[in-house]
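Next come two complexes, and both contain chain A; in the first it sits with chain B, in the second with chain C.
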Partner chain A sequence: MTASSGTGPSLTTAAGPAGPPAAEGRRRSRLPRAVRSAGGALSAAWLVLLLLGSLTAPLWEPYPVDDQEPLHTLAGPSGSHWLGTDQLGRDVLTRIAAGSWISVGPVLLAVAVAFGIGIPLALTAAEHGRWVERGSSRFAELLLALPSVIILLAFVGAFGVHPWAIMTVLGVLLSAPVYRIFVGQAQSVRTLLYVDAARVNGVSSLRVNLRHVLPAMATTIAVQAAQLFAIGILIEAGLAFLGFGPSVPSPSWGGLIADASQSVYTDPWLMVPTGLVLALTVIAANVLADTVGGERERERKRAAAARRAKRRAARPVVAGGTAARPASMTAGPVAGTVAAADPDALLDVRDLTVAVADGPALVTRVSFGMRPGAVLGLVGESGCGKTITARALPGLLPEGVQVAGGSVWFAGRDLAGLPEHQLRAIRGREIAMISQEPMVALDPVFSIGYQLTQPIRRFRGVGRAEARRIAAELLGQVGITDPRRVLRSYPHQLSGGMAQRVCIALALTGSPRLLIADEPTTALDVTVQAEILSLLRSLVKTTGLSVLIVSHDLGVVADLCDDVAVMYAGQVVEAGTVAGVLGQPSHPYTAALLGANPHVAEGLPVPDRLPSIPGTVPAPADWPSGCRFAGRCALATAACADPVPATRAHGAGPGGTGIVRCIHPLSPRQEPHQAHGLPVPRPVEPGVTS
Partner chain B sequence: MTAPSSAGTPSSSTAPSVPALSVSGLVVRYGRAGKTPPAVDGVSFDVAPGETLGLVGESGSGKSTIGKAILGLQPPAAGQVLLHGTDITRASLRQRRAVAIDLRVVFQDPYSSLNPAQTIGQTLQEPLRVLRVPKEERTRRISGALTAVGLPADAAARYPAQFSGGQRQRIAIARALVCEPQVIVLDEPVSALDLSTQAQVLNLLADLRDNRQLALLFIAHDLSVVRFLAQRVVVLYRGQVMEAGPVEEVTQRPGHPYSIALTAAAPVPQPAEQARRRAAREALGVGTAGAAPPPAAGCPFAARCPLATDICRAERPPLVPGNGTSAAVACHHAGEAAGIRLPGVAA
Partner chain C sequence: MLTYLARRLAFAVATVLAASVVSFLLVHASGSSPGAITAGAGASPAQVAAENHRLGWDQPLVTQYLTWLGHAARGNLGVSLIDGHNIWSDLLNRLPVTASIALFATLLSAIFGVLIGVAAAVRGGRLDRLVSVGSGVALSLPQFWVGILLVYLIAIKWHLLPATGYVTFSASPGQYLQSLALPVITLAITGTAIIARTTRTGMITALRQEHIRTLQALGTPPWRIRYVHALRFAGGPVVSVLGIQFIALFGGSVVIEQLFALPGLGQAAANAIDNSDIPAVQGVVIIATVVVVITNLVLDLVLAALDPKVRTA
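And then the complex of A and B:
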């Protein structure tokens, strides 16, 4: 394990976390999402204005609706008629305003009927299970199979033109897609534990639906309502255009468009306001649906991230492999002396800082190294930054998060400055990764054989038959006893442990030198976990693979790793050999973590209460400039408020190359429980006293 | 020594009182009979008033299904669930409301067990509203429950999103306490929490165990956590009880090959000790989990057990008290199992 204390002097002059602290995230807009963006606000305003204007039309219309001026037919916009006149000389503005409610009102009724039938049906079907759900789904499918416009025309033929009645029938037909959308959602909401909790509490089923299931679907309801409204408007206008709208003197948008289309070659102006008002309303409804559904926000964020990525990629790459960065970011080794401190190290991470773009840093000045064939554990609790650190190495950070400083030396190259296409060449071939959920990592649509042979053919350039042979060999290497059967299977047919073995085989297809394992056994049973750890150990021994394993479980680290780095709030607080760090922890946090483990060594009594660390981990925006653990540490003094350098840990086990980031490290003779002031007399490693 | 209860161990209470929770011959199936083996296949145990019983197993053991069947979320195919002697096995929702007012639950996932659209106060008063507790009494009980779990009383006005995972789990425990129950089913309450948060919540549960006369059914997959909190433990494998008894016996001197494998598999954070355990575990020779399908009859562990013989594959072993141990073991070779027990390897 290379010691990062070789860069000691520069660390003492380091400032706090890189990047300015962000004020965002605390003050979120209080407006409903629909009106937070310009598009949503405008759309909502248009729709409200339209309806209000139409309902109050008799109060402000410049001319009576039916007032004809035979001498001013088909006139363009003028001072007296703002939107011109139609073929009988009637004022277009008045007719549009009066016709708005006549056109839009029945559509609102259709939407109300559709939801009024569809949602209770969906909730009932989701609650009562198989037979009820089958019955209502077949009924909905029947409705969906009917051609809606033809049914409406048949209705008109049988009963005449009654807009409100026609729209009610449309509502009944539209209840089928509403049911289909919401029955699936309701079923999925019902699997959430708080619905189970309400049922155990004896809450009546009506109340469970109203208070728990329906609110969870609120966003989807709003989005679907807006979309159905848009569809309904078009159907209604279409019917009116065909002549099945309100009878002749009453204006309707479809009727107006029909009138306009008759004179469109001679006097085209009439089509403009009539067509525009319909188009704007439909667009407004769809924009509102998008905004409420959050699609706009997501698109904006994606575009901003893409712009940032482009800027990053365009930065000049200095010869030697270090990308140019603002001087404020690199307080570490001066660019130019870029040789790795330890030429034997396979991986040498120096002062790595990862931050949210225009936001707080998530990981600050993390340093560690690995020899070939060694296993390093990155250990910490959630929020410490271990997963972000592991993902930063092959450049797999999520959108909006980027490397803001430091270097990642891998086999002589700095990965932190490499452009994407060069990183892609390294991923899979030299650095491979497995993650926590093997079932999610495997594509459910393709067989295991396909998923294995594709990368084999890509990396090794062999034909299909040879690739299949290699795949079977790899599966054997990961301990699968019947490779042929597994090659034919699909991911859902495998157990969790088998799937993780397949993922490890996938990782080995490129013959990587470094395997990054991000909590590979967290989702597995403990007996399966033991098997996977044995497998990883044997792979290290036989192939000389190096493994960087990220875990929150100190037992896993003790089982598999040679070296360990303990992380807290974005920093490495202690690092060294596993025997040294876990046997004789120097940092109070490491000692506290070991104390909080409920396992007791053989022969010792079970403690009455577990020693626990008061407080919670600080969020990245709240990190102090001094020791980040000081707020929860029993040994903290005033000096802990200043930035703490990483120093060599004394007595850090056989190797003596450990580091600790603490000005009050525990001495080898000090009992860990005395360190955090808790009255539990438990030696951490039985039999080890010095 | 009093007569063995259905868990095969002498009751730890001084007087033979009615058990707070009693499960006998429980069978729960997902899907039709005969197609797949039942998720829970003939499980029986008792929880005495004021006792904490641990239900331990891996995935597929049926431990969560047992919890759901007790709570009425999953109807059993056969068997009985008695709460203070009253049969609640197939009680409808209305019947349950009247009878099971003191049977509460804490679920595993702190992120989906609280309705994100309701404040903590609304979530906590929901069970009280169902029980028709008057308003003033409700406020008193809510603030009492929040104090008991170490949260400030003003937490009632906030939303779940403003709390961390550990705090949300405390709120879930407060929701169980607010009705002043006598039996609480805890379905893996600390599995989703960090180590330091887990320690805090375990200490809280230990306080509740000691200060209130609560019967706790603690479902978990981690034997060391169960050893910390429970007095007795039942080990499950594929829906059947493999071993049951006092927690010290089962975790320190396991009598069933599966219990031995389970205790040996959990890694400990001391490297030297872990190396010893690993060597001993590999010497055990327990088969891989997914390697072969379980036999249709007989002991479900037979496909992986180093001691398995023909009788193990043919006949299901009964749960009987072991030799020289106060735990009950379901194994045809219980005597030899004690022989393969690994020295120095315990939960």
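And then the complex of A and C:
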């Protein structure tokens, strides 16, 4: 951070806005992209023109620099003097042009010096580990803590006005923030696999730096250079304005403004041209940095999203073997188009369609139901719309995604049609949620006590002390043995499992009837997973809570759920009781999921390779009108290209009916756990589903 | 926490020492000598040498530095070569002027910057774009240029405020505020733009955090989500930028004090350099560094207090 960059905006603050985070990309996307890059292009053009113009100024200046016209002093713009004349009748355009190189050139030098020192230092520090890094970081911190403008002035006081030398000193001072920014980046680039590989292969360290590390930092260098340039221009102008700038043969822009300020009372116009040129140059540099930086942010975001997708895809789809509990048939999912809402159901989702605003649907005509006290599992690979479906129920869809059709009947009301403030009254009180990543689900700056008592007081209308007592009680209920201590802690002091327990306690603050748990154990260690699952099971048993679990883990579903709905590409492809669906799958996709189960039944040989489902879930825009799984299904025929209706399956219980969405469902006799008998095709790689 | 504090303090002292060495070396490397200034123009080399001897300039560098440091540590920065005034008391008299400007400008930037930044982040749309463009322009305008423009419009054309000069608080609180208004507004324009941008980015980042979704799932009222949780989350960066702003305003005051004829530290720096008043230059560097270092120290403590990870460590 620039401790003191004096007249200009400090580097840090300029760095803040530099990368309008990609998140904002969407927010700004109403502004056409072309305009934004046009801003960048215009800025670049202005800077290039300025540079060329300043270098060639003597060739095109309309008048000799010191040509005075005593009869034409302080004239406004005219045909002969486009920007007017000054106190001595000198042409303003000529003066600006003549002063341009001495305004811009030394600043370029300052930027070059800052990078010339800062980057090699950062590379060395990144390469030579802790001690070198610590030493140079201390040095940089020291430079940052010096009042740079005062130091510059002291330098002027000692050596007189030498623009190039002064800007060299500024460059040295600015090398500290440059170092600060790049040392972190250099370190992380060096840990990238391919850079590491090059090093291990004996490529010289200079070559590693030149070939790999520097190119990876190129965008940041460009952004920082543009920003430093803007800061430098402002500092230089400030010094020149004070009279510490070049004066012969022609002053720099800051000096011109100082001249103009002499007659501002009588002739304010004189301030305008130079001020504008100066401001435009700084704006151009900042816009350029914004544009380049924005591009970089977007790339980074894209890369991160791709990595996340890959990580999720790499998770094996795990089946829980044959341990499915005998499920009650009471809460069977309801098929597509039944007319009236089931009066006994707690939740009855009908033909729910969720879509991106003016975009493709992410979830189409999803239907399922839940009885009070039942546990329903929503399973499928990543990207099938499980989380979107779950979030749509209490109206917590991400911005830009909305319910486009269907209904969500909950306790006699259609939540899909409720306005936001009525939904807010339901959230927490009747429907609560716990999320995938407990470590980031709690506010890092507030204590657990505050975060628990706040909703307790709101939901139950009790005082502070009583709320704290209830909070401790809830923590006890979710299996925390030392509630007092946990209440005093902050999220960073908790383990993942502990944090998930706190999140569950938080969800219980409003005594909801339905708990939506989105992959509640995915981010946790295996042993902790089991603990959280047994906690959920005991909560269902003791409180009569209904739970909707979103999971890719068939083991979790088999273990915990009464009913299951298998989702594929935004549709429910098979639903019914756990015993029915997982014991005798009808849909080839369900069977394939079960076949990709890494658990090996006793007595069977361990396969060399784990079967996996080839291909990936198609993106919403690419869904075929027929069966969406057909492209990956070994049993697909030409008939699968036609729309497939949901048909009843898995018997009809008193409460609901199972369904399957396949024109040639597997017969119950086909044994689901013998891979060769199933449409589980060619194994690809162990544990990888796609 | 205590070791952290000790480390920061040690670093602060080191910074001040480094600044003193830098300014000392700068002055001695320049080739000019105090004797040439006190003896006046047209003095013979012998007279200059005699003056230098009187001022101790002919002693070894280390001796001179240690003597100077010893005096400085006891609050004695020597006397001005020009008018013989005590530099320490002169700078001490000037400190309130610069501190007033920097403090008021930081305060204004904080209030308006946070308001504008929050509004831009929460409202989005047209207001957000307006703030983005407006703050971008405000950041790019040279402060002295804005200052001159304000003087022209507000003081000269509309006669609303005095153009230049300074009235002490004890002389007249009302006139004191009036005399500070224009310089403070000038500085606060840039400051507001910077704080608004930081706040906006911070709020947008905060509102996208997973824990905000937890709060939404609990039906937490939107005002509480925005102004308690998100704003608190965005607070850290805003506070640290505010600290940097304050420091930058102290340094940047040179230009503004010159422009508005304010008798502050910046004016002292400019005068000392104009007159090659060597002890005064050294004094200004030291005082400015001390201010920066103290601000950084306070900033570190505030940030540590805001961050439970540091606080509970």
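The rule we apply is simple: the second predicted complex is superposed on the first by the 526 of 690 C-alpha atoms of A that agree within 3 Å, B and C clash if a C-alpha of one lies under 4 Å from a C-alpha of the other, contacts with A are read in each partner's own complex, and residues count from 1 in each chain.
One rule holds in what follows: contacts are C-beta pairs under 8 Å (C-beta built on N, C-alpha and C of every residue); 3 or more make two chains touch, one makes a residue touch a chain.
All of these numbers come straight from a predicted model, not from anything done at the bench.
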>> After superposing on the shared chain, does chain C or chain B touch more chain A residues?
In response: C
>> Quick check on the superposed pair: does A:Gly275 touch chain B, chain C, both, or neither? Answer first, second, both or neither.
In response: second
>> For A:Val528, using the defined touch cut-off, is the partner it touches chain B, chain C, both, or neither? Pick first, second, both or neither.
In response: first
> Counting only touches as set out at the top, which of chain B and chain C does A:His212 meet: first, second, both, neither?
Replying inline: first
> Just chain B (first), just chain C (second), both, or neither: which does A:Leu109 touch?
Replying inline: neither
>> So in the superposed three-chain picture, is A:Ala154 touching just chain B, just chain C, both, or none of them (first/second/both/neither)?
In response: second
>> Contacts for A:Leu396 in the overlay, against chain B (first) and chain C (second): which applies, first, second, both or neither?
In response: second
> Just chain B (first), just chain C (second), both, or neither: which does A:Ile221 touch?
Replying inline: neither
>> Can you give me the overlap between the chain B contact set and the chain C contact set on chain A?
In response: none
> Across the complex, what residues on chain A touch chain C?
Replying inline: 1-10, 12-14, 16-17, 20-21, 23-24, 27-28, 30-31, 138, 141-142, 145-151, 153-159, 230, 234, 237-238, 241-244, 254, 257, 260-261, 264-265, 268, 271, 275, 278-279, 282-283, 286-287, 290, 394, 396, 424-429, 432-433, 435, 437, 440-447, 454-455, 458, 490, 492-493, 503, 506-507, 509-510
>> Considering only the defined contacts, which chain A positions touch chain B in the complex?
In response: 192-194, 196-205, 211-212, 215-216, 218, 381-382, 479, 481, 494-498, 525-531, 533-534, 552-559, 578-579, 582-583, 592-594, 596-602, 606-613, 616, 684-686
> Hey, which residues of chain B end up touching chain A in the complex?
Replying inline: 58-59, 71-73, 93, 96-97, 100-101, 103-105, 107-109, 112-115, 117-118, 123, 126-127, 130-131, 164-166, 172, 175, 194-200, 202-203, 206, 221-222, 224-225, 227-228, 261-262, 264-274, 278, 281-282, 286, 288-291, 344, 346-347
> Taking the complex as given, what residues does chain C use to touch chain A?
Replying inline: 11-12, 14-15, 18-19, 22-23, 26-27, 29-30, 32, 124-125, 128-129, 132, 135-137, 139-145, 148-149, 151-152, 156, 190, 193-194, 197-198, 201, 204-205, 208-211, 213-221, 224, 229, 232-233, 237, 240-241, 244-245, 247-248, 250-252, 254-255, 258-259, 269-270, 272-274, 276, 281, 284-285, 288-289, 291-293, 296, 306-309, 312
